[in-house]
Every structure is written in structure tokens, then in C-alpha cells.
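I've put the structures underneath this note.
After this come two complexes, each holding chain A, first together with chain B and then together with chain C.
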Partner chain A sequence: MTVALDIDDVRVTLGHNEVLKGVSLSVQPGEFVTLLGASGSGKSTLLNVIAGLQKIDSGHVLFDGENVERRSPQKRNVGFVFQSYALFPHMTVGENVSFPLLAARRPAKERAAVARETLELVQLGGMADREPASLSGGQRQRVALARAIAANPRVLLLDEPMAALDKQLREHMQVEIKSIQRRVGITTIAVTHDQTEALTMSDRVAIMHDGCFVQMAAPTELYRHPATEYVAKFLGEANLVPLYDGRILPVDGEEQKTGTAVIRPEDLEVLPLDAPAMAWSFDGIVRVVSFQGDRFRIEMDTSDGRVLVCTLPSTADVSLLVPGLPARLACTDPERVHIIFPPEILAQPLAVGSAV
Partner chain B sequence: MTLRQTTEPGATTAPGSARARLTRFAAALSSPSSERRWLLWPPLAFFAVMLGIPMVALVVTALSGEGNAFAEIFQLNVFVSALIRTFVLALIVTAVTVVFGLIYSVGLAVAPSWLKWILLAWLFLSLWTSVMVRSFGWMLIELPLGALHWFLSLIGLSEVKIELYQTTVGMYPAMIAVMLPFAVLPVVAAIESLDREQLRAAVVYGAGPLLAIRTVVLPVVRPALISGGVLVFVMSLGFYVTPLLLGGPSNMTISGLINTQLNTANRPDLAAAMSIVLVAATMLIYLVADRLFKVSERWG
Partner chain C sequence: MKNPLAGVIGGFRYPVVVLSVAIGLLLFVPFAVLVATSVTSGQLILFPPQGFSLKWYVSVLGDRAWTDPFWLSMGVSLAATAIAVLLGTSGALAVHRIVRPGVGRLVRTLFILPIALPPVAYAVGLHRINILFEGLNKSLVVLVLGEAIIAMPYVFVLVSSAMNRVDPALRLAASTMGASWPMILRRVELPIVLPTVITGAIFAFSVVFDEVVLSVFLTPPGTQTFPLAMLSAAREAFSPNLTAASTMVSLAALALLGIVTVVGNRRARGRRPVRKVSST
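And then the complex of A and B:
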């Protein structure tokens, strides 16, 4: 029953605030797309639009090419995992899971069977008669997921599904949800502000900012080749180095800024100060060297007043790096340096819908 | 059975029920390890002075008459009919108040904020105004040449004869108005505590309005309706001022009858016996309601 989902130029205004400014999105059947953005970027609104909980000013929502934007939420057949899970507290776990079938007036026998089967799928077999209140946070989330997929919905929507879980459980459930989603093969849209979560679970991640998509791509592509400085900074840590006429440092004040180089902290390494200079090497004074368990994190003040961040494996030799003393950091593989060109240089301003 | 035994695990009372709470209270009093138990003495002393002593005095008065006051009152037609009238009155007032209260609360929940403030202010103003004042107000409305008559003549209906004052029907509007806040406030609190995300979940999973109300709204609102209803019913049993002012001597409630026994008939023993019957009946109803609906959990 899973479908291709298309969002076509959807606009939503709440009060005087344009929350969605004409967003378009095309999702393959069975694909997992995460909408990632800061709060207020419009990602939750878009999720509500797909569910039919939010009216749109203009645009289209299509399930398998069929317009559904005028259809009530009850008739869209979507699964929705709410941030608070929104389980019905006075119903048993099984009744919660089979609620969509109750609403569809399916017979009790079928409801019980589906509840049992779906709970099995989320590894809560035998829990059907428990009260939601007696479950742990992780179990409740599984119940919410089971309820969302029990009636074979056409699209699965996850609204900040991990927000209520602690960190360890969150990482476990990210993998778990992804594997259940793959097994069921359902088209899934998730909303999160947690970049790790987005990168872990999704086939594609769509970065939203201020009611628009900034970039939409596979996680590795997004991380390696961010389309804008916003994406580069939003997704992981990045050193942004302005380029003037293709060079790192301005020769004089007349030079035009022609782009920004994005260098990830893990792509920088330490070179001896007497090594020959290279294209992507930076001299400066070490500010902090901190050990973070799995890695070292180094901050260096460069000679032109920026701070570069570099991470080294925990096995690295950091004896060359002493706070207050000069050091040289370099990206020895130019392939690793990604250059963002300002919009006026690019024919296509945004890399929306770039290759998967 | 000692107090300690009742606190053993496996006691069948629900943790929030009135009995369980009383048990815990008693256990805290007797427990040597409880260092803060002196905190329990002021309320206990208060109850002893304000409730215990008067009750004892009532029993003494009831037993100090010439004959058996309890046997005598149940042979009095006027008492039995007043008792029945009071219960019927309280039941009708409760039923109507709960229905109006639900409508009022739902109105409060869906009203725009300016109207919400007006509705709430109205409710609290009514709650803070003395019952006596409000009953007098209704009296001025219901008098044969009162405010209602004046209003009707304004719209050209001066010929309509108003027979409300000192009738059974005439008592209800005033009593319902007096009781309304007690039915509205718990329901308003319950509706405010509704989980909007649960409502959205019900809608997304295909529930129509009826199923959504049954699964999300009713479980939250029902206990509030019941606790408000029990509160109104128990309070209505003791109605005195309003029936006296608006119902007249032919519609006497138990409280009114107790007053006449004491002040007019000069039979304090009968008045005391009637009071004890009323208190006992009220207690009984409360305990049954608590057992059935766990009312005390809502008030706790």
C-alpha cells in the first residue's frame, strides 16, 4: 500500500507568518526522507500538511499521483508517530495498536490479530494486555510505531520520534526504526532537529530553513558537498574558509570573495612547521587541545583571525600541539575540500533535488 | 484490627481512595519513625473541635428528649416528605447542573480568549457572592411584580401571570445558578488537561467525532463530571436559604424543617435526630460514590 509522495509548491500561512514558502518534494515509494531543520523552519508544519492536519493556502499533495490535499486526515490513511506518542492512556497496548482498525470498524477478531502481529514486529509480543502507563519510554515509542503501521498506511510520518528518549536508547531506536521501516517498506517522512538522527535513519535528508528547502540529498552527499554555508554549519562541524579569487587570503582589499571552502575538522592534520607550504595549509597558534575519548579536538587561531577546528583520532600523536605555541594544520587531500560558490556565480542557486 | 495491620501490603484499597488515604494518615500518626507527625495534630484538633464536639452534642440532644426521637421523626409525615423532597430536589438540581456545567465548560474551552475571561469572571463572581444575596436576587426576579414581570411588560407581555415565587419550579433556577460553579470548575480543569496530540492522533487514525470523543475526551471529562456531580448533590442536600426564600413553607427541605423544629416547635431532640439522619445519609452517599467512582482521588 506504500506510495510515492509528491509535495508540489505548498504554501502555508499561519497568522501573518508564511511558514511554508512554496516547498516541493518528491519521495520514492519506500524511501525514508528526513526533514531536518531548526525549530521554526516549517518542518513540522510540512508533516502536518501531509497528514492533513494543516490546511494549505496553495499547492498540491499527491499520493501516487493522486491529489489528496482536499481529503480529510481521517481519509488519508497515514501513520503518524507523535512527539509525545499520544497513546490513549485508558486503552490497553493492543487496543492502542489496533485503534486505526477500530476507527475503520473492522471486527474485533481481526483487530486483535493485527495488534498481536504488529506488536511482534516491534518486539513487544505478549504486551497487548498491558496499560501504556506501565511501559518504559522506549516501549511506548514502539507501541506508537506499531499503531502507526498497523493499518498498512500509505505513508508513515514521524514527528521528532526520539525527542522523549534518552541518548543511548535514542541511538538504538534510530537503527531499530530504520530496520522496521525497511522491512515494512513504507514511504516515510521524519522530522527532526537532530542531525545524527537524520543522517542515521534516512535515505535522503532535506534541510529546511525559514520555510524553504535549502538542500536535499543523501546523507553522505549532504555532509561532503553542502550546497550552502548554512548546510555546512548545520550538519556537523565545518571550517568555513572564505576564498578570494580562488585563494585563501585576500591579497588586498580589492579582491572579490569568490566562494567558501568547507573543510571538515577530521580532514585536517598536523604538519611540522618546517614542512613545505601547500595549498590548504594554515599556520596559527594552538588555542585548546582537548581529549574527548574517541578523539582529540584542537582549536587553532589562524594568523588572519579565524578559529580552525581539527579532530584527530585518539591514537594520534599530539605532542606537536601545545597551547600558545605555533602549529600548522593542513588538508593534504584537495579532494576533501568542498567549495561553495556564492549564488550569483551559480546558474542554479539551490541544489534542490540533487542526485541521490 | 490495629491500624498497623491495615497498612500491610496487599490491602485491597486503591492507593488514592478515601479509605487508603485515611489509613495512611492513621499510620503516619502511629508510626514512631515519622518525625513530622506533629503536623497531623492541628487538623485533627480542628476536626475534633469543629466536627467531633458538635456531633457528640447532637447525639446527646437527640437522646435527651422524652421519647425515642429517631423513631418519632420517621413517624412524622412532614419529615419523611421533606426528606424525600430534599433528595428529589438534590437529584434534579444535580442532573441539571451537571448538564449545564458540561455545556458551560465546553463553551469555555472553545470560546475566544476575551469571551473565556468574561465567562470565567461571571463564574467566579457568582462563586464569591453570598448565597443569601444571590437568592434574594432571584426572589426579586420571581416576585409577581418582580424583574421578570417588568421585563415581560417591556416586550408587551404584561398580561402573562408569573407564578414562580414560592413554587417548586421557582426554586430550581436559583439553586442551579448557585451550584453551577461547582460543576463547571472540575470539568474546565479536565478539559484544559486534554492532550491535544491525542485528539490529533484519533483524527489521523480515522476516528470520526464520536469515536474521538469516546476515546479521548470522555475518559478525561467523565471523572470530573462525576466528582462535580457528587459535590453538587451533597451540597444540595443541605440547601436551606434558597428553598426558604423561593420555595416557601410548602416546599420545606430538611434543613428548613430542622430549623422549625428547633425554633418554632421547640423540639431540639427532634431537630438533632433529623440532623443526624441527614448527615448519616450524606456520608453514606459520599462513601458509595467514592467506592463507585473514586471521587476522593479527583479532589485529592
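And then the complex of A and C:
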């Protein structure tokens, strides 16, 4: 029963605050799209709009080409996993999971069967008679997920699904949710402010900022080719180097920059100081070398007053890097350097196509 | 065994202990005297009692001057409690749904207002109504309604504070699962606040059962509520009937409280352990 989901120029104003400034989004059946953004970016509002919990000022929400923006939440047939899970404390796990079927007035036998099957799917078989209060955080989240998909909804919506879990469990559940979603094959929209979560789970990630989409693309594309400096900084660490005509601009330079080079810390390597200079090499004084278990993290003050960050595998030889002494960092593969052009040069609309 | 509070209170510890004991005695001594005087074998309320006998209890239980007011009070209290629970609970659930904060505050205040109203003024007003409509003063209608209004705020306050502790996402979750609002009310909200509603009902009942001001003005001629019977018994003759009757209602109240506590504890305990997994 999974559907294509279309959001067309949706606007929402809360009080005097324009929360969504005309956002559009096209999701294919079975696709997993994550809305990623800082708090206040409008991502949760958009999720509520899809569920029908938030009224819209203008625009359209379409399930398989059919307008649903005037339908109440009851009539949209969506599954919603809340941040707090919102499990009914007075019901057993099984009663929670089969609640959507109770609401649809299905017979008790069918409800029990569906609860059992769905709980098997989330690996909680045999837990139907437990009380939610007796479950661990991860188990509760599975119950919430089972309840959201029990009645074969058309769209699955996840609001910060991992917020209440500790780090280790979170990574485990990200993979788990993704695999359940793939097995059920349901169109899924998730909201998060955690970039790792977004990159791990999604087919596509939509970055939201201030009520608009900034970029929407597959995780690798988004990380490798960010459209703006905001995206580059939001997703992982990035060294942003201003350019003028393909040249690296000095920090106190007069010229207007005509682009920004994005160099990821893991794409920089250490070169000997007497090696011949190359296009993307930077000389400077090492500031900090810190060992982080799986890698080294190096900060360097460049000679023109910038700070560069470089990460090296934990097996790397860092004997050349001594805080306070000069060093040379370089990106030896120019392919790895991504260049962002400012909008007036880019002068073309944001690509919104599916990019799987 | 060091008491961490000891260090904080320091030299003030002894006055605090003395004060607590004094307050405790203030509550306990009258009750002890009440019980003691009710088991006297003499004819007067005297402390210490003379001899031991339960004859005053037998006398009260067989005396319609006591049993009639008791059953009248039970009837009035039950009816008024039912109305108070209905109004207070639905009011609390409704106020919780009001979106605009200003309106919500206003309605909330209106529901709590009866607590602040001086009962005498209220009783006089109701008494006028009773006189205006002939025949009404022979019935218990105005008394029951008046008592219900006085008891309603207790239910309202308890239930609305329980509603505030309920995750607002529960209602949203239920609605995304296709539940209409009557179903959300019946299957989600009411079951969650039900224990609080029962507590509220007990509060309301005890408030009404004890209430004497409205009874004075609104009880139909020739009948008495239980507190009125006690009042007139105290004024007319100092017979140990009075203390025997008081002891009995006090013990009944304690028993009720005990049952509620035991049942409440059992419910709370029943929630935690894993129930036997049966195949559904």
C-alpha cells in the first residue's frame, strides 16, 4: 500500500513566524528520505504537515497524485513514530501494536494475529503481553515502530526516532530500522538533526534551513558535492577555502571571492616540506595533534592565517607533525576538491530530481 | 546512622520535634477522647469513661433519629458525588483541549471558583431559589445540585493535574492511527485518568458528607442530614449516642481510605512484573 509522496509549494505560518516558506519534495514509492536540519529549520513542521497534524496556509500534499491536504490525520492512513514513542501506558504491547486495527474496528482475532506478526517483524515475538513500562528503551522504540506499520499505512513518518536512545543502541537501530523499512517497502520520511543518522538510513537526504530546502541528494553526493557552504559545514567537518579565479585567496585579500573549495579533512595528507609545491598544498605551523582512537586529528595554522583540519588513519606516521613546528598538508588528488560557486555565478535553480 | 537533616536543622531540631508532636496530639487526642467516651456504660459524655459497654452503639444503630439522617446523607452524597465527578472530569478533559491559553485560564478559574465562594452566601442564594419555586423546597434537588457544585472543583483539580502529566503525543498518536475523538476519550484518556477520577470521587464524597452549611438551609422540613443530626444532638442532650455515631462514621472513613490505598497499591504493583506470556 506504499505510495509516492509529493509536497508542492507548502507554506506554514505560526503566529508571525513563517515556518515553511514554500517547500516542494517528490518521494518515490518505497524511498527513505530524511529531513535533516538544525532545530527551528521547519523539518518537524513538515512531518506534521504530511501527517495532517499541522494545517497549511497554501500548497498541496499528494499521496499517489491524490490531494490529501484537507484530510484529517485519521483519514490519511500514515504511521507515525513519535520522539517520545507515545506508547499507551495502560495497554499491553500487543494492544498498543494492534490499536490502529481497533480504531478500524477489526475483530479481536485479526488484531491479535496482526500484533503477533508485526512484533515478530521487529524481533519482539512473544512480548505481546508485556507492559510498555517493563521494556527497555530500544524495545519501546521497536514497539512504536511496529504500531506505526501494523495497519499497512501508506507513508511511515519518523520524528527524531533515535533521540531517546544511547549512542551504541542508536547505531544498531539505524541499521535495523533501515532493514525493516526495506523489507516492508514503505515510503518513509524521517526527521533528525543527527547527520550520521541521516546518512546511514536514507536513500536521499534533504537539508533544511530556515523553512527551505537547501539541498536534496543521495548521502554520498551530499557529502562529496555540497551545494552550499552551509551544507558543507553541516555534514561532517570541512575545510572551506575561498577562491578567486581558481587561485586560493589570502585571508586579508581585497578581491571578491568567486568560489569556495571544500576539502574534507580525510582528503588531506602530510607531505615533506622540501617536496615540490602543488595546487592544493598548504604550509603552516602544526597547532594540535590529537589521537582519537580510530584516527589522528591535526589542526594547522596556515601561513596566510587560516586553520586547516586534517584527519589521518590511526596507523599513519605522525612523527613529522610536531606542535609548534612547520608542516605541509596537501590534497594530492584534485578530484577530491569540490568547488562551490556562489549563487550569482551558479545562476541555475536547485536540482530537486531524484538522485538514487 | 547519621540523619543528614540533623545537620541542616541543627539547634532548631528540638523545637521542630516538639511542634510536630503537638500538632499530632491536636489531631489524635480529640479522636481518642471521642472513642473513649463512646464506650462508656454511663449516661453522659464523660472523660475518663465509666466502665465499658457497647450499648450506645447498639442504641445508635437501632435509633431512626440516627439511621434516617445517615441514609439521607449517603443518598445526597452519592448523588452529588456522581454529578461532581461527571462535571469535574468532563470539564478537566475539555479544558485540556482548549488551544488558546487565555480562554483556557479563564475556564479553569471558573471551574475552581466554587472553592473560593463563601458557602453561607451560596446557601442563602440557593435557599431563595428553593422558596421561589414551590414544591422544590420539599425535594432534595437543590441540595444535591448545590453540594455537587461545591464538590466539583476537587475532582476538576485532581483530574486536570493528571491530564497535565499525560504525554500530549498520545492523543496525536491515536489520531494518526485513525481513532476518532470519542474513541481517544474512551480508549486512551479516560483509562489513564481513571484512578485519579476515583480518588476525586472519594474526596468529593467526603466533602459532601461532612458539609453542614448547605444542609442547614436546604434540607426539606422534617428531615436531617447526618451532620445536622450530630449538630442538634450536641445542642440538645449530651448523650454518648453522639460520640458513638461519630466514632462509627470516622471508622467508616478510615476503612474506605484503607481500601483505596490497598487497591491502589495492588494496581501499581500489578503493573510492574511481567505477566505470564500467554499465546494471544
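By definition in this document, the second predicted complex is superposed on the first by the 344 of 356 C-alpha atoms of A that agree within 3 Å, B and C clash if a C-alpha of one lies under 4 Å from a C-alpha of the other, contacts with A are read in each partner's own complex, and residues count from 1 in each chain.
Here, a contact is a pair of C-beta atoms (placed from the backbone, for glycine too) under 8 Å apart; a residue touches a chain by one contact, two chains touch by 3 or more.
On a predicted model such as this, the values are computed, not experimentally measured, just so you know.
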item: Chain C versus chain B on the shared chain A, clash or fit after superposition; value: clash
item: First, second, both or neither for A:115, with chain B first and chain C second; value: second
item: When both partners are placed on the shared chain, which of chain B and chain C touches more of chain A; value: C
item: Partner chain in contact with A:152 - chain B first, chain C second, else both or neither; value: neither
item: Partner chain in contact with A:134 - chain B first, chain C second, else both or neither; value: second
item: Which superposed partner A:13 touches (first chain B, second chain C, both, neither); value: neither
item: Partner chain(s) touched by A:302 [first = chain B, second = chain C, both, neither]; value: neither
item: Partner chain in contact with A:104 - chain B first, chain C second, else both or neither; value: both
item: Which of chain B and chain C A:126 touches, first, second, both or neither; value: second
item: Doubly contacted chain A residues - partners chain C and chain B; value: 51-53, 73-78, 80, 82-84, 86, 88-90, 99-100, 102-104, 147, 151
item: In the complex with chain C, residue positions of chain A that touch it; value: 51-53, 72-80, 82-84, 86, 88-90, 94, 99-100, 102-104, 112, 115-116, 126-131, 133-134, 147, 151
item: Interface residues, chain B side, partner chain A - complex; value: 195, 197-198, 200-208, 211, 215-216, 219
item: Sites on chain C touched by chain A in the complex; value: 167, 169-170, 172-180, 183, 187-188, 191-192, 271-278, 280
item: Residues of chain A touching chain B in the complex; value: 51-53, 73-78, 80, 82-84, 86-91, 99-100, 102-104, 147, 151
